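Look at the two complexes coming up: subunit A is in both, with subunit B in one and subunit C in the other.
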Partner chain A sequence: MSSSASAPIEPPSVDPMYPGAPPDLPPAEARSAAGPKNRRTLAIAAPAAGYLILFLVVPVVTLLAYSVLTAGFFTVSGPLTLDNYKQALESDLTWQLGRNSLIVGGLTAAISVLIAVPVAYWLRYHAGRWQLAVMFLVAVSMFASYLVRIYAWRTILGTNGVLNTALIDLGLIDHPSSLFIFNQAAIVIALVHISVPYVVLVMFAAFRPIEPRYLEAARDLGGGTVQRWRRVVLPLIAGPAISSFIFIFVLASADYVTPQFLGGPGDAMLGVNIAAEFTASGNWAMGAALSGIMLAAYALCFAVAAIGLRLAGLSKIRWTT
Partner chain B sequence: MTPPDRLSRRPGPRRTSSRRGPDEDGGALGVAGISQHFGKTVALKRIDFEVAAGEFLGLLGPSGCGKSTLLRILAGFDRPTTGTVTLDGADVTSTPAEKRPVNMVFQRATLFPHLDVFENVAFGLRISRVSKPELSERVGEALEMVRLGHLARRKAYELSGGQMQRVALARALVNRPRVLLLDEPLSALDLKIRLEMEAELRRLHAETGATFVYVTHDQGEAMSMSDRVAVFADGEIAQLGTPNEVYAAPDSSYVARFVGDANVIPVEVRSVVGAAARVALAGEELEVPAGATVAAGPAQLVLRAESIDLTSPNGGLRGRVLDRAFRGVRCSYLLDVEGIERPLRAEVPSSPSGGEPEVGAEVGLGWAPSAARLIPAEANDE
Partner chain C sequence: MSARAGRTGLAGGLFTALVLVFLLVPLGIVALFSLHSSPSLTFPFEGFSTRWYSEVFGNEAFREALFNSLELALATAAFTFVFGTAAAYGVTRSGSRLAGAGVAIFLLPITLPLLFVGIALLIALRRVDIELSLLTILIGHTIIAFPFFFMIARVALERLDPMLEEAAADLGASPWTAFRKVTLPQVFPVLLGAAALAFMVSLDEFVVTFFVSGNETTLPLFIFSRLRTTLNPSINVVSTLLMTITLVLFVFAFVMGIRAERRRARRAASLLDAVQ
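Right after this comes the complex of A and B.
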């Protein structure tokens, strides 16, 4: 290419040996010149930007503003202060509830992903004619209200519930056990049940572009099941799997309904406390500060995951056709 | 490329095989009684053939004829309903793909999108735990072999179609397979790149010494590269021979039409005297080579389009030009000959001064006596 650089008229630098190669493109900054194209881009982005401002930026900014104001009873007022954060972080209760949130959120997210990935894999590669029917059932399971499903678990796991009745009828136990409900396990079971369908759908979409020929190529090159998963499947689904994990972690760890219905006295989570601050205690500033702390924790999780994926070169998979 | 290097193929039984020099690299492949049924569909009907070590075998046939099904069986992706596959005499029918010393190049390049060119090529070596210095040396060699050393750090989406297939070739060849399977690897490429790649594949075949089995529906590709060609028809091998044999001496009208798109004309054999037969064709009596075992009675005459010339006005057949297409070096004609149901196709060198017969013109058809070939009549000839 250097020999042709001095030629007066030069078509885009195409490698003479390989005319099929894409020509070297100018750097991105040079290409995104301002112009009417820019205005159109703005117009297309406007609805999304408007939505984000109205439903994300405004509420979050309001919440953060509350968190640095002085608390009254169901009010907030000046002056600005960081006392709410100080109080929240110094309270043993915050750390205890935070620990519960972390355990329940982490377990729920991990179990959901671990269940959903094989299900999605089966749906993508082995379900055959059952694919559509099973996908439909997965979607249908999301139609039932969240509250209904929590109540359903209460009737299953409760002292006079389906599980106890069944075990007594089978003669495995002689009196109802109270071990199944009012503990973290019950909370996690219900939240996993609610979460799995979302993750299955996301992971199915993640498997979609991985055509079977990619797995066959890996096999052909000597990869057994373990190597295929390690070197091809997992790297290619890492992004969606980690996103799903964070998504479910956020939803589950912030849940404030399930712990109240299925948890024991010591199983409350941060969300329960935040709800109480906003309602029973009337301390909006404290509720907002607790929310701010959770938001910061989630942002940290997200940043770590995003940086990790980027460093591994897996944040964006560019498929060839 | 030193001999000890040769020993470090994938682990497994191959490791124990005696050291081989660069020229003895190919494996001999045996296919015996292979059939494949998918439910009620029969994709392959008891196929038998052998591929010699280091041979380049083309599997030629239209889509749906079973050639790709056979390749998947050779690769180890699918198990045949009946029959055995042997490699250097050892039965590998139930050896899964990941354990066969056989590699495949897919129709579409199928490069792993999360890995760059180097890592794609290194994939098989990493799995077989080849040491680091050897790995980078072999990957480098393989990339040089397909002349892509300068693109080692590119990702698949930054490559052209031809470059992707080169990487796929390097990724397969770096493992030093006994047999390389190629499933229409050029069909997605532009004509120009395709011709370059054909030359490249011939060179790689010579350089590596591996046995190549090449599936294609393009007779030009099959003929130009293969040592032998197996023409597939509907799950069976219609004919297996060198490109020359298959082209010059087709056994059936199917092969004659599929390879080179010959004219196949029903004729009546009057008499056979030694190597010559007298046949009745469109009211004329002609003498043609008897070719395969032909007795008096109905038969078929195979006549290549390029064997016909239109410059012999007297004697022989006369026809009328139905259509003419100028193709540069030559001219394609469609000729209506009275007494022959189907129009005949003729490919005639175009004359620099022009003056070719126009559409509607009467022309005389001639051909060298040895250019025609008699084959037996077929009951179900379409």
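Right after this comes the complex of A and C.
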């Protein structure tokens, strides 16, 4: 088996295609030595790095630069100013949208992790011969198109949707209810639907190095279920669970499409406004400032989580695989 | 297994089954209503018909979107294959400390919300007066698909048996020959699977495409425009088409991965036997 009790736990890396791969690898130290080493070989990676720097890093820096320039219509110009930030932070709308983003992102992330952990646990320790098949179905659902899912939930939750007609047929309600759609719950349901498969695969990878005999040992030593989870399982999976939480939080809170189709008038999120500033409204400087605020908020989340985990003495978050 | 573990297993299995229902049934409903004989999108199901398929395939805008999407997905897969394989090989085979920085850059696109990738790319392209076109969509798709390909390629290359490449070098093969004749054949099925994944990512991409598409259209953009105007089973048809292509490619990638994994396990076992 690939790891020993003293080895640091695996990062939440998962091979999205082959999560069920048998863990028959030699230890990581031996593996990383694969192939003859040659410093110059890194030059082969240069074109790809150049591509991402040119089309991703430079554009993001440009975006941040625009946030401190003066707004025009679909353009920006000098002089440097902090007015965009001031205006954005003084606006009630920003705070309302920010609160919506925070609620939707937080709920989506929390629910996704709470759903995914038991599924991953069952897959790792109890699934037996079902493991590969269930893993396959989870991964298949991961690759369904984002818009298709939003559309699916719209047809299910809509006023004349599948859910309403089913409830009427069952005699549970008399008329179609409009309570299921155009609210935050509908947005969260669709985003959970998108997020759960990722988290299941990440958490499965987190459980993989924890061999059943560790849990048996804990039981043999007299640990009850609660104690086993608190002292053995949770410390080992806290890192991947928290990094999945943050990953999903970022993904969900920056969404700009789902609120447009499943949310009500008061449920817009920051991303919706940012997208509008870059398309219909044409106020690039304001859109850039709102983006800067969001990115700063995300950086703060990362920092708080990383420090929190370290203080708690748990494995530190690993952002890369 | 104790009775208690059996109960946990049963409860976990039931919960997992419910989660699978939650994940898959909505997608199944979308596919089912693509065959509905009436414009209604709700039960009772009034019968099967392919009329919405005829309607969609007869639509000029749809055909253009389909061809654009397939072209983009193919180009994204090809681009990502070349760039991604080179990047993964460079990072895994150099002992350089810079390799860590390289990995950070290569994974950057998945750590950043796609909204920001989209708007940043938009303003940068406008800054240098590049017209929005299929090419700018391709640039965006390659950025997004890259990390997925890179992660898989990197794991595949790291798991290779180092002795084979060393043997090739000892026998006088140039690095390029060794790569082409020894390294590549071993990882090719996995790389092909990863390229299929890049194809899928491109085919389904909406968030970034929305900002950099200009007047061009793709299948997700086609769905988006219909979502705002006409809600009828024609959207289900396009969705079902997307899901079907994705499913076929995913099965292909999955099978490729499993096969490579089994072969590797067998080889590891036979090497172990030889040593003992």
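We adopt the following convention: the second predicted complex is superposed on the first by the 259 of 321 C-alpha atoms of A that agree within 3 Å, B and C clash if a C-alpha of one lies under 4 Å from a C-alpha of the other, contacts with A are read in each partner's own complex, and residues count from 1 in each chain.
Convention: a contact is a pair of C-beta atoms (placed from the backbone, for glycine too) under 8 Å apart; a residue touches a chain by one contact, two chains touch by 3 or more.
If you're wondering where the values come from, they're calculated on a predicted model, not measured in any experiment.
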Let me test your reading of the model: by the given contact rule, A:H193 touches which partner, first (subunit B), second (subunit C), both or neither?
second
If we overlay the two complexes on their shared chain A, which of subunit B and subunit C does A:V250 touch? Say first, second, both or neither.
second
Quick one: is A:A218 in contact with subunit B, with subunit C, with both, or with neither? Answer first, second, both or neither.
first
Check whether subunit B or subunit C contacts more residues of subunit A in the superposed model.
C
So, does A:L179 touch the first partner subunit B, the second partner subunit C, both, or neither?
neither
Using the superposition on chain A described above, determine whether A:L137 touches subunit B (first), subunit C (second), both, or neither.
second
Please report the subunit A residues shared by its interface with subunit B and its interface with subunit C.
17-18, 21-22, 319-320
Complex interface listing, subunit C residues touching subunit A:
5, 8-9, 12-13, 15-16, 19-20, 22-24, 26-27, 29-30, 33, 41-44, 83-84, 86-96, 98-99, 102-109, 111-117, 119-124, 126-127, 139, 142-143, 146, 148, 150-152, 155, 157-162, 165-166, 169, 175, 183, 193-194, 197, 200, 203-204, 206-207, 210-211, 220, 223-224, 227, 231, 235-236, 239, 242-243, 246-247, 250, 253-254, 257-258, 261, 265, 268
Which part of subunit B faces subunit A closely enough to touch in the complex?
10, 75-77, 96-99, 102-104, 106, 108-114, 123-124, 126-128, 147, 155-164, 171-172, 175, 189-190, 192-193
Note: in the complex, subunit A contacts subunit C through residues 13, 15-18, 21-22, 24-25, 31-49, 51-53, 55-60, 62-63, 66, 74, 115, 118-119, 121-123, 125-127, 130, 134, 136-141, 143-156, 158, 160-162, 164-166, 169, 193, 196-197, 200, 250-251, 254-257, 261, 271, 274-275, 278-279, 284, 287-288, 291, 295, 319-321
Complex interface listing, subunit A residues touching subunit B
17-22, 211, 213-214, 216-224, 227, 231-232, 235-236, 313-314, 317-320
